[in-house]
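Structures follow.
In the two complexes that follow, chain A is the common piece, with chain B as its partner first and chain C second.
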Partner chain A sequence: MNDRIVFEEVSKFYKEILGVNRVNLSIPPGITSLVGPNGSGKTTLMNLMTGLVKPSRGRIQVLGINTDDAENLFKFVGYSTQFDAFPRGLTGFQFIYSYLCLSGISAQEAERTAWEAIQRVNLVDAASRKIGAYSKGMRQRIRLAQALAHNPKVLVLDEPLNGLDPLARAEMIALFRASAAQGSYVIISSHILHEVDVISDQVILLSNGYVVAEGQIQTVRNEIQEHPTQILIRCDRPRELAAKLFASEYMIEASIHNDGRGVLLKTKDADRFYLALNQLALDGIQIESIAPADDDVLSVYEYLIGNEEVVR
Partner chain B sequence: MNRLWWTQIKAVIRLEMKKTFFAKRGLWIYAVAALPVLIFLAYAVAMSNQQHRSARIARESQKPLSYQDLLAVKSGMTKEEVVAILGKPPLDIHWTEHRPTGPGTFEDIDHERLQYSDGQNDLYVELSHEKVEGVNVQDTYNLGQDAIVFAGVFQFFFLRLAIFFGCLGIFMNLFRGEVLDRSLHFYFLSPIRREVLMAGKFLAGLLATCTIFVTSEVLQTVAFLWHFNPHTRDLYLYHHHGLEHAAAYIGVTVLACVGYGAFFLVAGMLFRNPIIPAATILVWEFINPFLPALLKQFSVIYYLKSLCPVDIPVPPGSTGLLALLISNADPVSAPLAIIGILVVAAIAIMVSSFQVKRMEINYTSE
Partner chain C sequence: MAVYRRSYRPYSGSLTAEWSRFLVLFRYSRRNLFRSKFLTGFFVLCFFWPIICLIMIYLAHSASFLAKLGLPAELITIDNNFFLHMLTVQGVLAFLMTAFAGPGLVSPDLANGALPLYFCRPFSRAEYILGKSSVLGILLSQITWIPGIILFIIQCSFAGASWAWNNLWIASSIILGSLIWIAILSMLAMALSAWVKWRVVAGALLLAVMFFGAGFAQAINAVLRTDVGHFFNLLYLMAVIGQSLFKGESELAFSAGEAWIAILLYCAICLWLLMRKVRAYEVVK
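Moving on to the complex of A and B:
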């Protein structure tokens, strides 16, 4: 059995809409976070990983199992989705119990395992109540219990901390860590890097359906810092500004904008660029505006971690 | 089929049965199934009342009458002759008709209706000017006629509408309902083959529809036989194939659930809007008598009609189209009909299996 979750050139299109494109991943054991803004493709990646959607192109294998093979796949995989709907009329216990019965185990074993899972998410008191009467946090926890119930090797959790209070978050994070420590694969999605970077062994950064960075959290940070940034500067003397800035070692490219009233610059060190720009402004070049010219990884990263961590 | 699959199928059935039987959106199916029972119950009550009335009239007669006595009255007889045969009428109604004979002129015509009964059959004698103008004998126990009415209700309401739409409501929602509820992923995240899941859901639907409609069919038979006296009932059940007919109707009901269930299972997977396939299948089933022989075979009603135990006679004076619809011009033998339905259902289930394997969870597009 392969010991990785592997995506090979995977693309998914929903008719004309791009879900994810040309994704190549090899996810090792431990906690892996999928981070990206809403619509970046996190849920699509998780749905692909669990066979809920089929790739338009490419191949996915989870521990060597094809995602079409639900019978074998879900012996090893538990998925807590973001879908906030449940089969009608079931109590929390019945929900987990029915799920376990579907795997073909005996009623007694299903009952025992269901209670264990419910205990792990601290929902024993509410287990006999209908899920329809649960709060958002309780529904989140019962979904987690479903994913955890059969002690899967791979735990896929879509925004698992959403709707949880701080205490419940801490409990869940401890649960994920314990699973990872036992050699499990815990895949967590979040649109806030802060939320998951402390607990993650590796991070996959997604933007607009593309994997823009991947690896250990420090590697991703470095990768982002080395990524060139495009900036459009409107000023009264664009040619002079371009010539002066281009002399510096951190500039990669400079070109005069089509309308002749601005310069498009590409730099690999945004911090030093901004310092130099301040100096040029002091030298008398009238700068009207400075704006990022692309929706690059830095802007995604900035969105994810919050402005205060981007040093300019 | 291995043991694991069977265990999983049973787990799916348990889950589905709870949803199917107690779903609010399925209440109308119970109403549709109960409708023919209510019709036959109402008929039984009406007939029972009429029998009591006939018995009362028979008791009030001057002398005990036989069916032959009732048939002895003919048009053209005088009232005295009628009374001579049947005695003084227990029920005698008089009225006068003002019949116009010209502009502003009227003629008064005295009418009289006499009613006799032998306890089971009623005789209505219409008199005008003391002469018999019309004679009408009505049977309160006309089992043959009632059996044809029962067959008509079964074929044209129960099979073509009640079971058809009941199966539509249950089988189309097996997958489609969960897509609309956004809860289908619950099954798709279980370690269960999609084909096994589909088999479980189909069997759950079949169990539900068979329970509802077979119960309805049994109750219809009970209601249908309710107003007959025990002797007539026993005669019908044990000597005139009544039990065989009842068993055949139950068998046809089960086969209808299999056939329409399979059709609607696949339709629920292929179409988002259930009205389109429902209307298409309904029209297809309706035009079946007018289709070429080869196309007829890809229909459920074609086989079911051949299995129905009582043929419905074409009413005299019916148009060709209606006659073709009522009659079964091209019946198939019972074994062939059963195999035909099972083959049609198997084809539909195979298409469903193929389709369920391709299904994706994408609720936003629904």
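Moving on to the complex of A and C:
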């Protein structure tokens, strides 16, 4: 079995409207975040991955299985939709149980597995209540339980952190990490960029139906040549350091940090700059820390996609 | 890149047969339907007429009892017309049952955006439609051809083997007539439910299609001085099919073959409309 989720030249058009265009991806295990503004094609990409929509062009394989082979595909894939969608009148337990039965799991096994999933999302007490009476966070969790109940290797989660309070978010992120640590593929779409940054092993940035960038966030950042790398240096004498730094040929811009205890600088060649910095450190300036200031998702998002929408 | 322990183990237990999974939908939908006390009451009421028919069959074979009441033995004749009338009454009840139960089958899933949840399972659109329509199919069977066949068997047991052999075709007419009625009702109710989404409006539309269809047909016939308008009247088309199946003697505007084609065409249109709405994806930009 192939161990990747592979998109080959995939395009999807809804009549004349572009969903995604010429997507080539090879997604490894771990947590992968799809990031992009509304209408950028995140949900389309997820629907393509789960076989819910067929590509207009190209080929998709999930762990070597074609997405139109539903019988085999959904043994390995669990999907949680973005919208607050539930069949009417079901309790939390019935919701999980009935979908497990639809997956072909026998009644007895489905009952056991449903309770396990409910335990994983910490909803045992509420399982016998109707979903209609759940809070938004509880709905999000029961949806997640539905996606992971049959223990899929690929978890596709559309905006799974929306509506969750900080504690519930932390629990969910721990769940994603636990799944990823087992070698699963956790595909997440999210607008909460600082959380994406923290939890993702790799990101896929989308804009207007095109993949703008993909890979580990630092690698993506390094490839963006037109935006110099920003580095924050904490030290005891920031003004003196800034003055010395201007002598370096790799330096483009330097400014004293707002709190007056560091220098925020921009360089066009970070590696060479770090070597030059070693020399400065030897000149007696006490350097406390050196950290890249813009190798996070938020910065990369702003560089590549811009302010197409407010980033929360 | 994180170092993965790769301890993932998929579900390795046995799976149920693919063909049987639509029954999950049937079980849940049926249970939801019978939560309504009104529908449960109406369902029970639907057996009132078959019980009357059963009594009539008993009386038809109890000449001495009729004589005691001072009634002639030929008062009740159990023949093709008896079963046609029995099925006509049950057909009307089936229609009312569909108007109550049908619109609630698909519309809540569409209104709640629940379809992607069904289809991100090894479960196809065809199985979804089969699962939902089986609710109506089985429910309406219980009040149409199943009691019809039971009455036919009881009549056979009273009338003897030769009557049974000579009238065996009535049994097939009961089944065939009921099934085509169930098919058109189910398809129509589900298609309307899928397109309208509001349950009450979909129920009202089902009544409108039947009764305004009849009015529309009459208007066309009157204005154009033709019989073609009857093709818009599902009740008339079913009457033509019923007359042909039960060898009725009424004069009707066109042949049974034409009525069959028209009804099957309506079923196909409803199925097409339904398939257009029952789709997995939730977002079209």
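Convention: the second predicted complex is superposed on the first by the 224 of 312 C-alpha atoms of A that agree within 3 Å, B and C clash if a C-alpha of one lies under 4 Å from a C-alpha of the other, contacts with A are read in each partner's own complex, and residues count from 1 in each chain.
Note that a contact is a pair of C-beta atoms (placed from the backbone, for glycine too) under 8 Å apart; a residue touches a chain by one contact, two chains touch by 3 or more.
This structure is a prediction, so every number in the text was calculated from the model and none was measured.
Annotation: superposed three-chain arrangement on chain A; chain B versus chain C shows a clash. When the two structures are aligned on the shared chain, A:S184 is found in touch with chain C, with no touch to chain B. When both complexes are overlaid on chain A, the residue A:I142 reaches neither chain B nor chain C. Once the two complexes are overlaid on the shared chain, A:T43 sits against chain C while remaining clear of chain B. After overlaying the two complexes on the shared chain, residue contacts for A:Q82 are found with chain C alone; chain B is out of touch.
Of the two partner chains placed by the overlay, chain B and chain C both lie in contact with A:Y14.
Once chain A of one complex is fitted onto chain A of the other, the partner contacts of A:S98 extend to both chain B and chain C.
Contacts of A:I65 after superposition: neither chain B nor chain C is touched. In the superposition on chain A, contact of A:F74 is made with both chain B and chain C.
In the overlay built on the shared chain, the residue A:V53 is in contact with chain B and with chain C. A simple residue count on chain A separates chain B from chain C, and the partner touching more is C.
Residues 14, 47, 50-53, 70-75, 78-79, 81, 83-89, 98-99, 101-104, 146, 150 of chain A lie at the contact with chain B in one complex and at the contact with chain C in the other. Within the complex formed with chain A, the residues of chain B that make contact are 4, 7-8, 11-12, 14-15, 18-19, 22-23, 178, 181-183, 185-194, 196, 357-358, 360-363, 365. Touching chain A in their complex are the following residues of chain C: 1-2, 4-11, 13-18, 21, 24-25, 28, 32, 35, 108-109, 112-114, 116-124, 280-285. Those residues of chain A whose C-beta lies close enough to touch chain B in the complex are 14, 47, 50-54, 68, 70-75, 78-79, 81, 83-89, 98-99, 101-104, 146, 150.
Against chain C, in their complex, chain A makes its touches with residues 14, 17-19, 28-30, 39, 43-44, 47, 50-53, 70-79, 81-90, 94, 98-99, 101-106, 109, 113, 146, 150-153, 180-184, 201, 216.
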